[in-house]
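Input: one structure, supplied below.
Chain naming follows the written order as A, B, C and D, and within any one chain the residues start at number 1.
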Amino acid sequence: MLLPALREKVLHANREIARRGLAPHTFGNASGISRSGSEPLVVIKPSGIDYAVLTAADLVVAKLNGKIVEGNLRPSSDLDTHNYLYREFPQIGGIVHTHSEFATSWAQACRPIPCLGTTDADYFHGPVPVTQPLTAEEVSEAYVRNTGAVIARRFRSENLDPLAVPGILVAGHAPFAWGKTVTEAVENADVLEYIARLAFRTVLLRASRDLSELSDSEIPAYVSEHHYQRKHGPKATYGQP
Amino acid sequence: MLLPALREKVLHANREIARRGLAPHTFGNASGISRSGSEPLVVIKPSGIDYAVLTAADLVVAKLNGKIVEGNLRPSSDLDTHNYLYREFPQIGGIVHTHSEFATSWAQACRPIPCLGTTDADYFHGPVPVTQPLTAEEVSEAYVRNTGAVIARRFRSENLDPLAVPGILVAGHAPFAWGKTVTEAVENADVLEYIARLAFRTVLLRASRDLSELSDSEIPAYVSEHHYQRKHGPKATYGQP
Amino acid sequence: MLLPALREKVLHANREIARRGLAPHTFGNASGISRSGSEPLVVIKPSGIDYAVLTAADLVVAKLNGKIVEGNLRPSSDLDTHNYLYREFPQIGGIVHTHSEFATSWAQACRPIPCLGTTDADYFHGPVPVTQPLTAEEVSEAYVRNTGAVIARRFRSENLDPLAVPGILVAGHAPFAWGKTVTEAVENADVLEYIARLAFRTVLLRASRDLSELSDSEIPAYVSEHHYQRKHGPKATYGQP
Amino acid sequence: MLLPALREKVLHANREIARRGLAPHTFGNASGISRSGSEPLVVIKPSGIDYAVLTAADLVVAKLNGKIVEGNLRPSSDLDTHNYLYREFPQIGGIVHTHSEFATSWAQACRPIPCLGTTDADYFHGPVPVTQPLTAEEVSEAYVRNTGAVIARRFRSENLDPLAVPGILVAGHAPFAWGKTVTEAVENADVLEYIARLAFRTVLLRASRDLSELSDSEIPAYVSEHHYQRKHGPKATYGQP
């Protein structure tokens, strides 16, 4: 069996997608690449197989041109996107595609995630970008490969470094994340979801402030004072003496 | 030990508060009443005791006037609210107070939960009411007892049946629920939280519709068609052949 | 016992409703139909039985006219809706009714879920439709059966294929999903909830954008740059050397 | 090994950060201080170590000036913030920093959390404050220490008591909480997240009310009445007879 060590890492990353709740059912996929042999080889999840029963032997090994080298199962239907990104970003070693809930919602809203806090800044050097929608021609010509192409186009047009910006939202679809290894890629996919959650709530809080002035809506001081004192004051009645 | 069977039911209901995530830490409390003896007796959670270590023997037995009949621990600091409700609503046998997340958010927003669907209608005969805020006098005079009084006032003013409307939101505080038994009460507290979740999202969906016209924002048909066909069409490429 | 294999599948689908959190308490129900015998027979959950204690023997077998063929328990109170749909859609083999949180919120908002991304497109050929509300006459005449009738009416009026659009929102109530088998039906019910979650957040993000311009609200570059460098730069201070 | 009892408490508090879901990955950290010896000593989590594998022996002991007294690992990169707060607030014995989801969203929105209910009042004597953003000079001079400085500045300018207001939001970053002990600190960090959840939903409910009048949008009484009666009326058809 080719690439047993890489298979284990790719298997683990695929299981992490399920364990971290980054994709329901058989959605999502992780791959890793070996660039050390005579020719680069990609190890990727087979299509439509449940994460719970997936084994290292089920993984599919393919060349960067899509030709299957080893494996009895059909590879992930997103293989051509992975391959496009491996060719475009020679510095990356693993890719994870999820349909994680909040990142996918941002992708569906076709909005980049602004850098709203240090959680973002620790992982992403700037906003999380979003692609342009694919055109009708791109879809009919080669939908999966062109999903890679619109990602690459965004990185070129903004001159982004894929290791400093380790993920993107595909408009109307879902996120892709990557890293130097597939283990890094799945961590980045998880943090991307976390950032998306924080940003979702931050933008709603900001929008609500524009709608509603809250200064007069706190509970009256005579209530809050009473509650604080019954728990912490000299005559507290909460808990055991 | 007095009332061993009722103690078990009250213990179970208290544990359900924790197990169903209806209150963090030691927040929340459940009680049951025995009306069959010479004098009604209330069995209630002691104050500030962790649900995980609570035993039937820890529960406190009190009269409706608040006098402790059995128990080494201080009763829940909300005992006077429970007692007020037991006196006001002779048809109820159990009360559950939680700080469950969505019901408490509605209570803090001082809004009744409108009857927006059949999930509500299956349990609540009409909207979930909200009390008026307590006045400064009511807080300083007898905060806990007057929490019962504002609940009773809302039921009287709207002529509500406490078995048909088995719960209420106390403005700026949190929900109380009840039932013919403490087991019913905790189920009603749980359903009230469920209703509050549904209603929260329903009102946001309605408000967002007022803001934003979505008809032009679906993904293009050439994308959705492509995705549908690659999974279900005659030349599907998803999954294994 | 009639139809033992179908009973096992229907039992499993009912348990999936609980395990996937698609309905609280005893809400929700799954059924399957056998069309191979001399007369079609429906296997359905009994009413008000907890999912945790449900067994294959508890399931009720009924004819399409509602007559009970086997079973000691009362069938789901929604049986007549299931039967209506089995008569209307001869191509389906299983039906799942849930009160899943986000799909029910859309149903309560009386809004179809627009097709906002490829997650939708993979399962639903177009938006998730919503019924018209039942009229007072329909409710008083035969509420449960007419719930099936308003579903059927929407499919006829829009000329929808029930296998391409495997579910609907009943206005002011909750979702129904179906499939060629009851196993497919419960997967479709779960994906419908997922789609509803994504769409809820997408429409809020879009509405918030209309309210609030965020371009000036990112954290300052001197903060984000500092955070990025302390984790990834040549003089990183995060983690172990 | 220095301070074995305090190490155990600090270890437990760090594990609580993970168990309660207050920070993903290796984000977040807890420390405790011993002020009883000849010189105060701080016990703190090492940087970038997974909570699941953390042991008491991994913890780092440092002086208030940052000098390491015991430990083979690099301390949390936030040590200088902890030390600043221990010097500023002599009455506190433990500090917990998280990136909990809702509190961080408020921090990113740069909004204090108003006191909207008694859940807040039980723990925080007034709103949860938010710092001013750090200036470019403060970031470049000593980012971590100046994070402590902006916290202290807010407490001084509003004359707040750190035991009555046991936490703060750092603008564009995340919350810090504290208490007389590290055990209290982690409970306060958890309650702060709870308060932030409640307040998030409360302000959205209030904003939505400003947008949308709901009085005409309940389900029709003929539907809610029917549902209520089929479950609770004399001719109920739900559940078993």
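In this section, a contact is a pair of C-beta atoms (placed from the backbone, for glycine too) under 8 Å apart; a residue touches a chain by one contact, two chains touch by 3 or more.
As the structure is a prediction and not an experimental result, all values here were calculated from the model.
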item: Chain separated most widely from subunit C, comparing mean CA positions; value: D
item: Listed chain pair B-C, C-D or A-B that repeats interface A-C [over half of contact pairs the same by residue number]; value: B-C
item: Subunit C and subunit D: spacing of chain centres that average the CA atoms, whole Å; value: 36
item: Chain centre separation in whole Å, for subunit D relative to subunit A (CA means); value: 26
item: Per-residue multi-chain contacts in subunit D, two or more chains; value: 108, 116-118, 172, 204, 206-207, 211, 219, 223, 226, 238
item: Sites on subunit C touched by subunit B in the complex; value: 24-25, 27, 99, 101-102, 104-109, 111, 114-118, 120-127, 164, 172-174, 200, 203-204, 206-207, 210-211
item: In the complex with subunit C, residue positions of subunit B that touch it; value: 116-119, 187, 190-191, 194, 197-199, 201-202, 204-209, 211-212, 214-215, 217-219, 223-228, 231-232, 238
item: Of subunit C, residues touching subunit D in the complex; value: 26, 46-49, 73-74, 77, 108, 133-134, 136, 139-140, 143, 172, 219-220, 222-223, 226, 230, 237-241
